[in-house]
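Chain IDs A, B and C follow the sequence of writing; residue 1 opens each chain.
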Amino acid sequence: MKALLRIAHLIDYLNERVGHSVYWLILVTVLISTGNAISRKLFNVSSNAFLEIQWYLFSAVFLLAAGYTLKQNEHVRVDVISGRFSKRTQAWLDIFGGLFFLLPMSLIILYYSWPFFTHSLLSQEWSGNPGGLILWPAKALIPAGFLLLLLQGIAEIIKRIGFLLGIEPPEPPSHPPLSEFMDASQKEGEA
Amino acid sequence: KEEALPEIQWRMASSFPKSLDTIYGAAETLSNRVSKLTQGKFQIRVFAGGELVPGLQVLDAVSQNTVQCGHTASYYYVGKNKAFAFDTALPFGLTARQQNAWFYFGGGLQLMRELFKGYGLINFPGGNTGTQMGGWFRKEIKNLADLKGLKMRIPGIGGEIMSKLGVVPQSLPGADVYPSLEKGTIDAAEWVGPYDDEKLGLYKVAKHYYYPGFWEGSANLSFIVNQKEWDKLPPLYQEAFEVAAAEANLIMLAEYDAKNPAALGRLLKGGAKLHPFPKDVMEAALKEANKLYNEEAAKNPAFNKIYASWKRFRNDEFQWFRVAEATYANFTFNNVK
Amino acid sequence: MSASMMAPLMFASLVIFLLIGYPVAFSLAANGLLFGWIAIQLGLFTPELLGALPQRIYGIMQNETLLAIPFFTFMGLILERSGMAEDLLETVGQLFGPLRGGLAFAVVLVGALLGATTGVVAASVISMGLISLPIMLRYGYDRRLASGVIAASGTLAQILPPSLVLIVLADQLGRSVGDMYSAALLPGLALTGFYAAYVLGISLLKPAMAPALPPEARTLKGFALLRKVLFTLVPPLFLVFLVLGTIFLGIATPTEGGAMGASGALILALINKRLNLSMLKQAMNTTAKLSSFVMFILIGSTVFSLVFRGVNGDQWVEHLLTGLPGGQLGFLVVVNILIFVLAFFLDFFELAFILVPLLAPVASLLGIDLIWFGILLAVNMQTSFMHPPFGFALFFLRSVAPKDDYLDKMTGKSIAKVTTPQIYWGAIPFIFIQIIMVGLIIAFPNLVTVEQKKVSANTPLKIELPVQRYDAPTEAPEFTFSNDGEGTK
């Protein structure tokens, strides 16, 4: 179990690093979008590449940060009923959901998205828009994102089992942005 | 010795929304006819663009057998190979009748099938829009220089040619086209012809309606079928599919030809102003198109092979159509009331 | 199990799956995949159909309109984090201070303004939740009222143009987006008015739910207050200009308007000397996580709806519609009840894609104008965002509302968390308002301005063409056929 928990914490670290890296792309996307609009108006200079890179980058953010978001427990839940259960029952439900919801979903989408990506890579497929971008990097984001999500799903299951065995703290309460900001002082050092 | 017909159910992914009723309708035409020809044993259920897969993913979906067949415009896939454009439209290409002549008697269908075969597909011509319009412009285009820096929503090879003429192609999301054209964020946008354009309402925000859409002298739509699924069909069903595709091919063009005049009349009453593209625009575009074809042919064997056949055929057709068709059209269309 | 039972079973089991409390995105997907597996066992489709999954996810990625989500979220966070949003609402609070419900009016107003800039409900609800919820909680607003007014005002994004919802509806009805937009304007403004009227009613009948600011919070008076108001109004007006003005001036597309606003918020924070690395990182971090959860709900529902179509669930819905009682009014009443009920289970896009193509031909046959019909549906479907327990606006608000008690930064007081039932109950009065609006549109069809097309199909067509000859018609044609020997020159 100790070894498993070590793996789980390694995955935590991995997704934490990935999440903290890809969030910069939000800023990049905002700046590209603004810059494209201004240069198009002022200098009549633009390209479909500038339009396409925006959804490439945003896709990188939301797909690659999915595991990180799970780790932070910020994928929204309907907690009207489960919110009343004990921490132990919630841990059991999380293990159940991880095993029967998250893992199968991630595996199935990984299975189908891999050839989707490799076909694009091997055929060097480009965007059909004039001046557009090559497509495989965008298509690669799907298997990459779901792999990170799958790994985090495994880590969460291990950690919940660890909690039931009494050797791991319970799942962190989700940190919705507001509470994060309310006690910003203690989080200042993060990232 | 009568064999019982097997029950077969297929799904067909269309690239088009139901609101493009004439184009989408071709898939329904095929589905209905196939069912009737096989006593209801071979059923093809049609799904509009986005219902099963996004409209631009239809070729991939049929190729991977996600669905058995699809209805699409092959030039959506020029990002895979520019040669796909020969199946739909190339700037200064064939008219609808000439495109069919090339497919059925000029070796065109055979050449296109060689290309589709590489993706595990077999294709059937399945509809045509006829000559399209050149789209909606906020300002009049008086000469080639007026295109410089013009922001236009125009996809594909047509967009590529336009960008050589100084146009800035912007493939905006569908939702942004109307408001962007309204406010002048973009200066022009092209779609299909009067019947479909009317529904977008672009004439309210950009009233200069240009013709001809030289990048789509006609646009052929195709049915594509996964080759393995095709091979599994009983010969009778294959015949039924082929007959129905040919019917859909005929019907769509007839429907457009019947609906466009009244739609154009309504657009003109709504304030649209008709303009032909200036001659220097046409000439410059033709020059750029020829240059692009030669460049692509030099580096793309598939393109080169089809281009050779297509170009020779186009020359012959254009020569012949100048004689009786064009002269007849020129006199009667202008003089008979 | 027969195929016709699959669709209703999918809905029923979805409810159970979601109530387990596992993240919504994965429960939606898992529910879809479970039924996909059953359908494969029953021979309703083959595993290849699931190959559509990456293609559908890719379709979501390519949808550039959804860029509004990170853009507006990021803008909201920078505003919030730099204290500018607080300044604004604080000042508005001072201004409306003596007025009960003042803050709630401000939320409705800001919601309508945001709604007029973005067509994406997620972006609107999230940024409003971030900016206004803490302030309303600070001054003791009823939690149900506070969350209800935010969720509802956020859904104004879908009825006030520009709007993703109206675009989809226009497409499905085969009508122009422009016509749809102008027709939606009046009902959208009317709804805004109704929301405000509800707030007014509450502040009159149950003043404790929407208190005026306490005297100690109303520190500014007279000229000082006026100066403060003018001073704090500059930054938001600057942003409104960036978001809306750049669209109107033809600089930015509606999608890019969001990016303009986000860049503007950064510039304002820089000018106010409140921009620092830690704050920037927090804003990006939170934007990334919120975007991920919102987009994964879309991914989850795309898995669900693929299988739903695979088992012919859309045909099941169609059968429900056949045999409706005749007559315009009968049709309208049944359709609205049906959509209202289905909105408990289906999100807007599924309703639009499954139902509208089935309803439109029937409506057309009954002589109902399709634009008017589209607006009626849009107002009704707005409830699909607010329906507990699966309304998307409620999910979005839940994600930004405090789940634990916290210390308010300004007053140092402990503030209780917002519970999920509070969010649900808060939405219900606004659902009633939507129902009233639907009734009003049916009773007074002129509320929806529809431009009439007056061209009769029988008028002979006469087109004057400008002269443009590309040819040189007097020359005899030259022939160069490619077939050897047969061409003449």
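Just so we're on the same page, a contact is a pair of C-beta atoms (placed from the backbone, for glycine too) under 8 Å apart; a residue touches a chain by one contact, two chains touch by 3 or more.
Please read all numbers here as calculations on a predicted model, not as lab measurements.
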Using the contact definition from the top, classify how the chains connect: line, ring, star, complete or other.
complete
Tell me which of A-C and B-C has more C-beta pairs in contact.
A-C
From the Cα centroids, identify the chain that ends up most central relative to all protein Cα atoms.
C
Could you give the separation in Å between the centres of chain A and chain B, each centre being the mean of its C-alpha atoms?
39
Round to the nearest whole Å and give the separation of the Cα centres of chain A and chain C.
23
Chain centres from averaged Cα atoms put chain B and chain C apart, in whole Å, by 34
Which residues belonging to chain A are in contact with no fewer than two other chains?
37, 40-41, 51, 116
Spell out, as numbers or ranges, the residues of chain C touching 2 or more other chains.
50-51, 55, 58, 62-64, 250-253, 255
List, in ascending order, every residue of chain B touching at least 2 other chains.
60, 64, 172, 185
Touching residues of chain C toward chain A in the complex: what are they?
17-27, 29-30, 33, 50-51, 53-55, 57-58, 61-64, 66-67, 70-71, 74, 77, 80-81, 129-130, 133-134, 246, 250-253, 255-256, 258-260, 262-263, 266, 278, 280-282, 284-297, 303, 389-390, 395-396, 398-404, 406-409, 419-421, 424
Which residues of chain A touch chain B once you look at their complex with the stated criterion?
37, 40-41, 44-48, 51-52, 115-116, 119, 123, 125-132, 135
In the complex, go through chain B and note every residue touching chain A.
56, 60, 64, 75-80, 148-151, 154-157, 159-160, 162-163, 168-172, 185
Sort out for me which residues of chain C touch chain B in the complex.
48-52, 55-56, 58-59, 62-65, 119, 162, 164, 167, 171-179, 247-255, 306, 309, 314, 353, 357, 453, 455, 457, 459, 461, 463, 465-466, 468, 470, 473, 477, 479-483
Chain C partner, complex, touching residues on chain B are 11, 17-19, 21, 47-48, 50-54, 57, 60-61, 64-67, 172-176, 178-180, 182-185, 198-201, 204-205, 261-262, 264-266, 268-269, 274-276, 278-279, 282, 312, 315-316, 319, 322-323, 330
